[in-house]
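Read from first to last, the chains carry the letters A, B, C and D; within each, the first residue is number 1.
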Amino acid sequence: MTTTTEIRIAVVGVGRMGLTHAENLARRVHGVKLVAVTTSSAERAAEARARCGDVAVYPTLEALLEAGGLDAVCISSSTSAHADNVVACAQAGLHIFCEKPLALTLGDCDRAIAAAEQAGVKLMIGHVRQFDAGHVEAKRHIEAGAIGHPLVLRAISGDVDPPPPSFANPAVSGGLILDAMYHDLYLSRWLLADEPQRAYAEGDALVDPAIGAVGDVDNAVVTLRFASGALGSLYVSRTCRYGHDLRIEVIGDEGAVHIGRFRQTPVRLLDRQGVHHDMPFTTPDRLGEAFVTEMQAFVDCLRDDTPPPVTGHDSRATIAVGLAATKSLHEGRPVEIPNTQYPISN
Amino acid sequence: MTTTTEIRIAVVGVGRMGLTHAENLARRVHGVKLVAVTTSSAERAAEARARCGDVAVYPTLEALLEAGGLDAVCISSSTSAHADNVVACAQAGLHIFCEKPLALTLGDCDRAIAAAEQAGVKLMIGHVRQFDAGHVEAKRHIEAGAIGHPLVLRAISGDVDPPPPSFANPAVSGGLILDAMYHDLYLSRWLLADEPQRAYAEGDALVDPAIGAVGDVDNAVVTLRFASGALGSLYVSRTCRYGHDLRIEVIGDEGAVHIGRFRQTPVRLLDRQGVHHDMPFTTPDRLGEAFVTEMQAFVDCLRDDTPPPVTGHDSRATIAVGLAATKSLHEGRPVEIPNTQYPISN
Amino acid sequence: MTTTTEIRIAVVGVGRMGLTHAENLARRVHGVKLVAVTTSSAERAAEARARCGDVAVYPTLEALLEAGGLDAVCISSSTSAHADNVVACAQAGLHIFCEKPLALTLGDCDRAIAAAEQAGVKLMIGHVRQFDAGHVEAKRHIEAGAIGHPLVLRAISGDVDPPPPSFANPAVSGGLILDAMYHDLYLSRWLLADEPQRAYAEGDALVDPAIGAVGDVDNAVVTLRFASGALGSLYVSRTCRYGHDLRIEVIGDEGAVHIGRFRQTPVRLLDRQGVHHDMPFTTPDRLGEAFVTEMQAFVDCLRDDTPPPVTGHDSRATIAVGLAATKSLHEGRPVEIPNTQYPISN
Amino acid sequence: MTTTTEIRIAVVGVGRMGLTHAENLARRVHGVKLVAVTTSSAERAAEARARCGDVAVYPTLEALLEAGGLDAVCISSSTSAHADNVVACAQAGLHIFCEKPLALTLGDCDRAIAAAEQAGVKLMIGHVRQFDAGHVEAKRHIEAGAIGHPLVLRAISGDVDPPPPSFANPAVSGGLILDAMYHDLYLSRWLLADEPQRAYAEGDALVDPAIGAVGDVDNAVVTLRFASGALGSLYVSRTCRYGHDLRIEVIGDEGAVHIGRFRQTPVRLLDRQGVHHDMPFTTPDRLGEAFVTEMQAFVDCLRDDTPPPVTGHDSRATIAVGLAATKSLHEGRPVEIPNTQYPISN
């Protein structure tokens, strides 16, 4: 492959996350060309063109596939549509990057994974924090033995304000734990290199009654028990008003590693009332560069014909944990997590 | 009362904590005179005299009470002896400061509280963190509404190395949760001004088999559900090798407050390997001045005839939570916590 | 101008900084097309093509200008060549971005500025820290009155290891103060919105005798006195082994603002030896994104026909301060700084 | 010496600092008994008794000396009276702790030192920061070679609000540099184990005209050049509104060590406006425990008959630097510092 060959890619769904991916593919990722996006909204089409340059816009995935001329797709549609979208793109012979989570049920995960395997196309699932320099550095410390054997993972994931109830609806997003704690569940497995076996959850719609009305909670804590005996203590919130707070600690029997920060810019204001500084408020504030690194990793695995760094099986295993924790939340008892047969990706 | 009147006090039991109290009473607390300690060890008697000046030493509590001439005692014997010691001192008409936890069962708590009430003596339970400037400041922020309504408390309490199995033995110490998570259970109730109603715990002897051999665990995580719906996510460890790590976060619906620190001295060393600083390693490292403030509060409540800031009922309510969490640990299911009828002290 | 029109630009000199600019222009800056670079080295030409895609390579600026087809240039040649390069490009009718400092003498500054003015082309000088989010935020705080009236600026600029003596040579780089304290001198004026009037410097080749041998120093401190009476206390080092340490504090009569940080990734490692984290080691580590923002600002001022945010006069005023401080260093006395007639850019 | 023997001490002058010493001697320092204080103010006498218990009060030093019965004195009178007080106490055969600075002129230093030597009494000068755990730890790192050879010391000392002009008056306090930068000048010599040889200062009454009216400045920066070639860059302020900010950095040729902190309690408040925490505001906030350690060191050197850890010669050498910097401030030129023949205390 010469350096002038470029992967031709389209972005399916240009909501907030899809636009981020589209703009990065158009402007900052090497070896790829963004040729199209899909959206049925004229307004979003205009915004996509403004941010990404001159790209084709199709109203539906079907129209996109019919037009052809693609090597790969980036699926950023709503979670409930992921599995069907993956199957359709796989059957069209396209490599696939699909935003997390892969699906809302283990059955849909299996269907999507099987479609990609049968078509011989690559399937990578979005997991941006695995590409953040801080998380990579922490994983490196753990693998180097710097903290001894991992015993406990503590995590917090906070969003500043709740999404609209139409999105929070568990039928659309999978609910708080599957949607917003997904990354911490994934990272627990990845950082500890260990499989969660049991989950217990407590939570409620403590702040936003509209979230309660659609059958979800806005704050929850989850306890995990891993195969090695290690423990997880996780907290997720949709009402973390002070910022987008992503922090993980892994305590081992010889030390600990912490990932996280409490500031956006390295600026401190000091006055008679004390010392003040800012916080990240959005995911791009906190993780911006990692979105470029993630998409570059996808393009590189296509160009180099290497396995994707985050597989459908990784996402399926994470979803199994999220489903068990969600069941515990509703049933008030610890819930066992079915074994996955697939190894943890590095 | 003129300023020259001093409370005459004795310290019962001069292990590590008893010696700290004795020295503070002898050297740094105003309005009190340490007149005696009890110990059956000649070595400890000598150390007590070296650190506290010329004090009487009695081999037993009985001998101390027989000698008379006291206004108050500070009970720092082993936890399993607390209740009997409190009863004996109350019957001797002495005011009592008793180290936490008050007892190992709710029945013993009731017996000790009743004895003090019948004798008309004051009973204060040791809870040093309530007298630490950081915890006081955090409580003040919460009461001032700075974080809105509290939703979630996250806590970690880590000791660097495990105690000997003879102490870890649940029959002596009450076990990991009652012994070492006690302060966080107490602070949860105090900071949230809310009653825990349900507890779930997971834990194991992940590091020290000797602790497993006496029937205890060395690392545990606990989930609490409070009357208001608020949540607790707590972690306690006897193998936190990097330091004595005490941290609490309370997240409310308008903000959050964090207590804790990652340094002992305000010194930072920088070299080609990065930036390095120290951590507190022991309880006096982390909380030293608060031990003086706590004992001064006890002496002041005797001199001013005001209620003690930490009552037997406060300790009983905390022990109820610890016992429920310990039961959950062993039974693998969430355990309800019996109601307490007493308000939370400020 | 339609969105498809792109500024055609070439990079003159592809050393370390020139390559950074070239890659950003090729990959990450919008509305511009990198069409050529100049270098006489086959190796650098290959590296430029590897990082920037298919660009023309000319051995000299003369050859580049002769080939034509350009709207603008980015001059990243050695400082001693800046003034001649600016004059040649201005006379060719090209807009110019020139790396700091504009020249090594005030006479050369005037010659370069005059050439651009006479040709009617824009001249912007590189000052990447003005485009860093932290510095922008600090400036905003000061302008909003958050610290009252600025009284004192304290600054440190440290590079990990010295450059080769051939570069450190004052005849090439201008010497430590003009070369490496340039940014802090510039920022002093920009953040305080005040003109320095007197400079005093002390310094020596304390570490690297090779730097002393070419007539320069490797560590220096500078005192500035400003028109308003405000004070500057600045330190610059070529031997700051623990990292690339860039920090500024501005203390006002009502508060202070600090810019700077002591970590690269938000990761903390904790073990029995204490708490450890990393530091930025290079300029791209510390300021990476600001290089893109800076170059975008240059392209935007060409496309929108607005004044450049950093002018030749800004650089000239900064160089006047650096020359005075360098003179003080050599003469052992405070040196007055000639007035500049030009206002400070925002 | 048996443990019941106590040094009998009096405090001369019970202003803010004298009261701190008196209370510590009465309550927290072992092996000493506070028997008297001097003050001509009935109000101060009452406050001294309230804080220190039942102590004798004399209107003057003469009356105190006449009454006799003392082993030692702690002199906390105004700086301009120090030398005469030291001479009188030495002639009375008393050991002496004298607050810094020893005197306002080198001649008075010599007179006071000679008096103590002739009388064969110990003379220790107050330098509380040498007894602060952070400064001790930093000194230890430097002596252990952790930063290589020290190159540069950067320091800031800020007081929140100016003292009354009657105190700021250079005839009383010695002026800003001698009074408030004294500690940093002392620590420069102590931490670098190096003698300052030249000083340059700039400063002004930038905030408080009343300070200008008595002939002093409220903000100043000082450059020091040491015998080894090392450099000092120091800033002192009487108008540091955000807190009592004491920080020192020592940069060596292999690393650096920083002393200082930006918080009082380990509490962080987070809300939609960002992250907020407190700062120390007073010297006892910042250094409280060190005052006890310092006075204990004085008592211990009397009881153990060892040399005092801070000598009159140390203070004299520091005053020489302060006088040179003050002269530079007024004359607008660098000023050489006369050699001291005495080694630097550890």
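The rule is short, and it goes like this: a contact is a pair of C-beta atoms (placed from the backbone, for glycine too) under 8 Å apart; a residue touches a chain by one contact, two chains touch by 3 or more.
Computed from a predicted model, the values in this text were never measured in an experiment.
Visitor: Going by average Cα coordinates, which chain is farthest removed from chain C?
Guide: Most remote chain from chain C, centroid-wise, comes out as B.
Visitor: Out of C-D and B-C, which chain pair has the most contact pairs?
Guide: Of C-D and B-C, more C-beta pairs in contact link C-D.
Visitor: Using Cα averages as centroids, what's the distance between chain A and chain C in whole Å?
Guide: The mean C-alpha positions of chain A and chain C differ by 39 Å.
Visitor: Distance-wise, how many Å sit between the C-alpha centres of chain C and chain D, to the nearest whole number?
Guide: Once rounded, the distance between the two centres reads 42 Å.
Visitor: When the centre of a chain is set as the mean of its C-alpha atoms, what distance in Å lies between chain B and chain C?
Guide: Measuring from centre to centre gives 57 Å for this pair.
Visitor: Provide the list of chain B residues touching at least two other chains, using ranges where the numbers run on.
Guide: Counting only residues that touch two or more other chains, chain B contributes 241-242, 254-256, 268, 270-272, 278.
Visitor: Any idea which chain C residues touch chain B in the complex?
Guide: Chain C residues touching chain B: 241-243, 262-263, 268, 270-279.
Visitor: Of all residues in chain A, which touch chain C in the complex?
Guide: Counting only chain A, the residues touching chain C are 3-4, 27-28, 30, 53-54, 133-134, 137-138, 141, 146-147, 254-261, 264-272, 278, 289.
Visitor: Touching chain C in the complex: which residues of chain D?
Guide: For this pair, the touching residues of chain D are 148, 151-152, 154, 156, 158, 198, 200, 202-204, 206-207, 219-221, 223, 225, 229-235, 237, 239-242, 251, 253-256, 332-334.
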